[in-house]
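Both of the next two complexes hold subunit A, though its partner changes from subunit B to subunit C.
Coming up: the complex of A and B.
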């Protein structure tokens, strides 16, 4: 049997998760010029919230999903107020360290509240998937790919065709000019954190039925998403999507045809190659050209 | 709904009880009595934190039993714990912190072979007995006289996996799937040797890195190799769960005989039906002996949870260690070591302990089958060599 279609489907499915988390990285980077190293923990917290609502409390899945995303929106706002806002006039370094601290805090708070045992979150669908043409299409991966496509389309519409989206773009391009034009910069940055937390949360909830819900799930995904962001071009939305999908496919095919134990190394080897040969990534611009 | 919420609270309560329980049971002793202190390296954070919770639960049950029975050398036994963060550097640091306390007379090491390897040089320097649960056979052949294993090593698990797969299931063409850490690599090596001796062939030797998110390439390789049976050494239960599910999704239905992690409570919970019908070699099986049944009842009564090998080996280690210190009549490390080596025919939750000159206390495994999520005892295999 030809392995390629199965590997391609799985690679795109995993890549879509990386892409969703990478989108969160990119949006915050564009708005604040810092990397949020707690982006992965947003995914983990959302997955645990989903376990609390859907499994522990027995709420309907859709209601649990909305409640978890609501929780993530609140977390994003608090994160902005507690981690970014007090340091907004400092250089990027204290903010980055602050996000690393927040990442550790979120992981350990979840550990203290919920305990270390990995949890099972049922998938959205009853069926595990469908077999067609010798390829097993995992229903959860189908959902992940579909949701990613919808979110990318939504994001395009939002940023290009709505006033708020244009204000967000203006804020990310030049905060001072945006402020002079009457755009509420602080509010726009708040909105960016809220949206990024929700995006990370969606990724975490979608991938939880596949990878299980554990304290370490966020850092594992975030590391790959960070690599995807660099491959795609830091600060570029299209780059985040393409980088995420590319990394997922490279890893999966690399594991199948080169080495399973070194599949992560293959992904990071690609990252190193990009850093050396094309540090601005696939879609990024050279900093010198921006000036 | 509420049951799960209670489970959450119970989990937190267990942790707190575990912490509170680290203090010796003082009721039987005079206030101000000195204690005999034993250090314990265990994962409280990181991917192995769940295993650490089980390990602490087992150790604490034994500690309570020892102290209720009069303690050691007339003094209460006390556990002092350090978090190994489920990493090798974390384990080394944790052991160093404990080893720097001169009144600690012996230690409980890790269930993870790779961490015991990392700690081994410091253990040699500390020159005090360390009871551990890692199953890499080489650990007791490092020339380190202070290492005492409280689980059967992987030469035994490999032989039992091979014996059951070939002798009982009648399968000759194997896939060996294993993690690439010390545990998985040594287990796979031992299994390959055992299969070779029994005349079977390894059509696929497939390693994977811990914390993999996807096993599709591994499953497709198994399918392409056309194997009759799978033998496995998985380190982490979440990896095992993902592999099990993808194995079934991609239509691989061959028998699977796994190392003990396939029987762990967490693995059963995560993988669910994907593990139904699989076989596992288990150092701990509830119905293997009176001692294992007694431990099971004790653990269930205390924590309302199913025990597994992660708690049974620490239970045995504390129990046998206390017995050895009492037999030695003093806390001098050399005397405790000699007393541990002299342990013969002592029943425990994991089996009957008889230490050989290398420091291996157990020499056999149970075979169990997953009957719709319930582990049913198949047979016990002990070796004389």
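Coming up: the complex of A and C.
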């Protein structure tokens, strides 16, 4: 097997997961101007729901998948009502702290209910993958890359070519004006949270067979996804995707050529370099507050 | 984020009582027969509280989040742990090293991120926290990995557990006292100003970035101190004591007790260390604890954002005796605009483009010393953009700005304030959780204030004089959030006046004022110019502009279309056309926003 193309493939696969979670970040950020620090926990909870349905209860994989996503939609709605909505008129700091509290609540409730042992979720396909041109294409990574591509295309179509998508854009740009135009702003924000939770859930379910399903997986993924959004440019959809893929590749090569235990540190270093050198990211514009 | 709910013990008696109480607590801790269990609980509470007080500074005073408090706590602890065992160093030296490391790392981490918004800071501190845990666990040759560091030594003379505890209590008392006094120091006021309104803080003369880094570094330093004391107290440390979960515990302690005051930090720490001891059964289910902490964080933020001490303190404040009324405020002295060689303001070829939009397109004008200069123009003509360029909130695309002969084009807002630029905002920007007096004191503290305010007394006297000048001396000690819109505007003007500016920029001061308030504003502007102040005013209210302006510059579509003596400018056909539209004669105004000034534009 050729190492470099193999690492590239794996890096893009893992980067696609970061990109999906980063998309959830960006959507909520654009709708509410707040970073949701529990975004990673959405992935973790969905992976555990999957373990409960598909492994513990033995439901068919597709049914478990739909049930888990249904659960994520409900969680997204409850999250909005309990964590964001009461604080919507306060500054960003209380909201950040509230979502951090929610992240801890979700992670540790799962821990209390399911215990600390990491769980194993089988992949969607029976076959492990295919060997082509000296590179092993793992079936789960192929699935991740495919689903990410479809979701990104769907999101583009949804925001640019549907009325609801345009209303969501209007809401994110100017809530007051949107509400004067008769757009149900509260409903649009609710929709954003539900969709972000489902998106994070899909990412968690897809990545679960590659990693172990553990309590800590949420915060790990969230940190990477956040780094991806900074690399790409905050609030920018293209940036989130490119940043996610770039981070996945950097990390995979770092683990292979530098150090395995410190591969998470590598992502952090890239993050700090971008913060210092180019805080607006690859695609973002520097925005100044207006007086 | 929470208003400061506690008053500083101004009187010497209060300070002495506090010192006596702290000594008594230390003596009791040293002398009472304590069980090993009680000693451990007290040791943990005392050292944790020092670290939580660090959050009082960074989060409570300065409004910046730090989710790596346990990492800095760990840095202090490992310095003492490794230093007294592996490296064979003296305890005090190790403690100093730990403090230094926490301070430097805190400052560096803050410096990398604090120019950006709070979201970045939250994520970067979480990342730093994770990295530190990775290093502590994996860098086994140095940190000894997951096994931790046993056999940590205490300083000579404090080897006994209870004597060491007494020492920790004194250290906590000293730290709490320093932070208790901090809000009314220059740095503390700057931190509160940054927390309440970053943009206004910069324009008033506070170096926002530096203030945030200092707050962050002090917070990290206190965590390092707490950690160093903790290591000596327990003689054994391991990486799992300094994880993200512990950072969350620190945050919960600070929020529960009340993040606005060190008293809240102590209360929150004590509660969250004692409660779990009383509810031991919860420890049997892993995760239940932290789940409840997470829930508590959400509930506190939603329902009790000021925390326990903030809640209690606000009620106690009603019973506290009001401070003795100060003597009659003195007259406000403003340095006269000296007839120097340079105009107060000189703008040459100033331009600001937003993409293809030329909001300001190569304008020139000068503001002579003394009197009122008005900058007018229809909506969208570039007035506010010009003002933001002048005060340093925008970077110009081209051109130079000179204040009092000094080129300030490349300077940040606070440095322009130091040169002598004062400003008010169209949408009022006060430090909302502070009193009117504190707002104005921040203004008086602008660097290089020519009024030369040597001590706190002079500073307060100047602030009171500025408030008296705008007619608000009786309400000086009330929080500005309770003021009417018109009064808030006056406080903003007083804040700028206290800094004794060379040039005062007033951004639509008449906006939102009723008729009688406008009359009062006109009189106030006249009194200001009578004292020799130079004012550049932007306003739509043509009555006001005609009444007060000596000279006028008119902008339209980002370009200067007229400049000169007020009466002459208002008669120029170009100016009338810009305001009323080309076919003004038929009454068809081209621009809707010209509707209000129209009646006033009749021949002057």
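We adopt the following convention: the second predicted complex is superposed on the first by the 280 of 291 C-alpha atoms of A that agree within 3 Å, B and C clash if a C-alpha of one lies under 4 Å from a C-alpha of the other, contacts with A are read in each partner's own complex, and residues count from 1 in each chain.
Following the convention adopted for this analysis, a residue touches a chain if its C-beta (ideal position, glycine included) is under 8 Å from a C-beta of that chain, and two chains touch if they have at least 3 such contacts.
Please read all numbers here as calculations on a predicted model, not as lab measurements.
Chemist: Following superposition onto subunit A, is the placement of subunit B relative to subunit C best described as a clash or a fit?
Modeler: They clash: once the shared chain is superposed, the two partners overlap in space.
Chemist: Once the shared chain is lined up, is A:186 touching subunit B (first), subunit C (second), both, or neither of them?
Modeler: The answer is neither, since A:186 touches no partner chain.
Chemist: Can A:111 be said to touch subunit B (first), subunit C (second), both, or neither?
Modeler: Both partners, subunit B and subunit C.
Chemist: Which partner does A:129 contact after superposing on A: first (subunit B), second (subunit C), both, neither?
Modeler: Touch status of A:129: first partner only.
Chemist: Under the stated touch criterion, which partner chain does A:268 make contact with: subunit B (first), subunit C (second), both, or neither?
Modeler: Touch partner of A:268: subunit C, not subunit B.
Chemist: Which of the two partners, first being subunit B and second being subunit C, lies in contact with A:101: first, second, both, or neither?
Modeler: Second partner only, subunit C.
Chemist: Looking at A:142, would you say it contacts subunit B, subunit C, both, or neither? Reply first, second, both or neither.
Modeler: neither
Chemist: Let me test your reading of the model: by the given contact rule, A:120 touches which partner, first (subunit B), second (subunit C), both or neither?
Modeler: In the superposition, A:120 touches subunit B alone.
Chemist: Does subunit B (first) or subunit C (second) touch A:57, or do both, or does neither?
Modeler: first
Chemist: In this superposed model, does subunit C or subunit B come into contact with more residues of subunit A?
Modeler: The partner that reaches more residues of subunit A in the superposed model: C.
Chemist: For A:212, using the defined touch cut-off, is the partner it touches subunit B, subunit C, both, or neither? Pick first, second, both or neither.
Modeler: first
Chemist: Hey, which part of subunit B ends up inside subunit C in the overlay, 3-11, 111-119 or 345-353?
Modeler: Given the superposition on chain A, subunit B and subunit C clash at 111-119.
Chemist: Report, in rising order, the residues of subunit A that make contact with subunit B in one complex and with subunit C in the other.
Modeler: 108, 111, 115-116, 215, 261-262, 264
Chemist: Could you pull out which subunit B residues touch subunit A in their complex?
Modeler: 1, 4-5, 8, 11-12, 15, 44-47, 49-50, 52-53, 180, 206-209, 211-214, 216-218, 220-221, 223-224, 237-238, 241-242, 245, 249-251, 266, 269-270, 272
Chemist: In their shared complex, at which residues does subunit A touch subunit C?
Modeler: Listed in rising order, the residues are 29, 34-35, 37, 82-83, 86-87, 90-94, 96-98, 100-112, 115-116, 215, 219, 223, 226-227, 230, 234, 261-262, 264-265, 267-268, 271-272, 275-276, 279, 288-291.
Chemist: Could you list, by residue number, the parts of subunit C that touch subunit A in their complex?
Modeler: Where subunit C meets subunit A, its residues are 1, 63, 65, 67, 112-113, 115-120, 122-124, 126-128, 130-131, 134-135, 138, 198-199, 244-245, 248, 251, 255, 285-291, 293-298, 301-302, 305, 384, 387-388, 391, 393-394, 425-426, 429, 507.
Chemist: In their complex, what parts of subunit A are in touch with subunit B?
Modeler: For subunit A paired with subunit B, touching residues are 1, 3, 6-7, 10, 14, 55-58, 108, 111, 113-118, 120, 128-129, 131, 136, 138, 210-212, 214-216, 220-221, 251-252, 255-256, 260-264.
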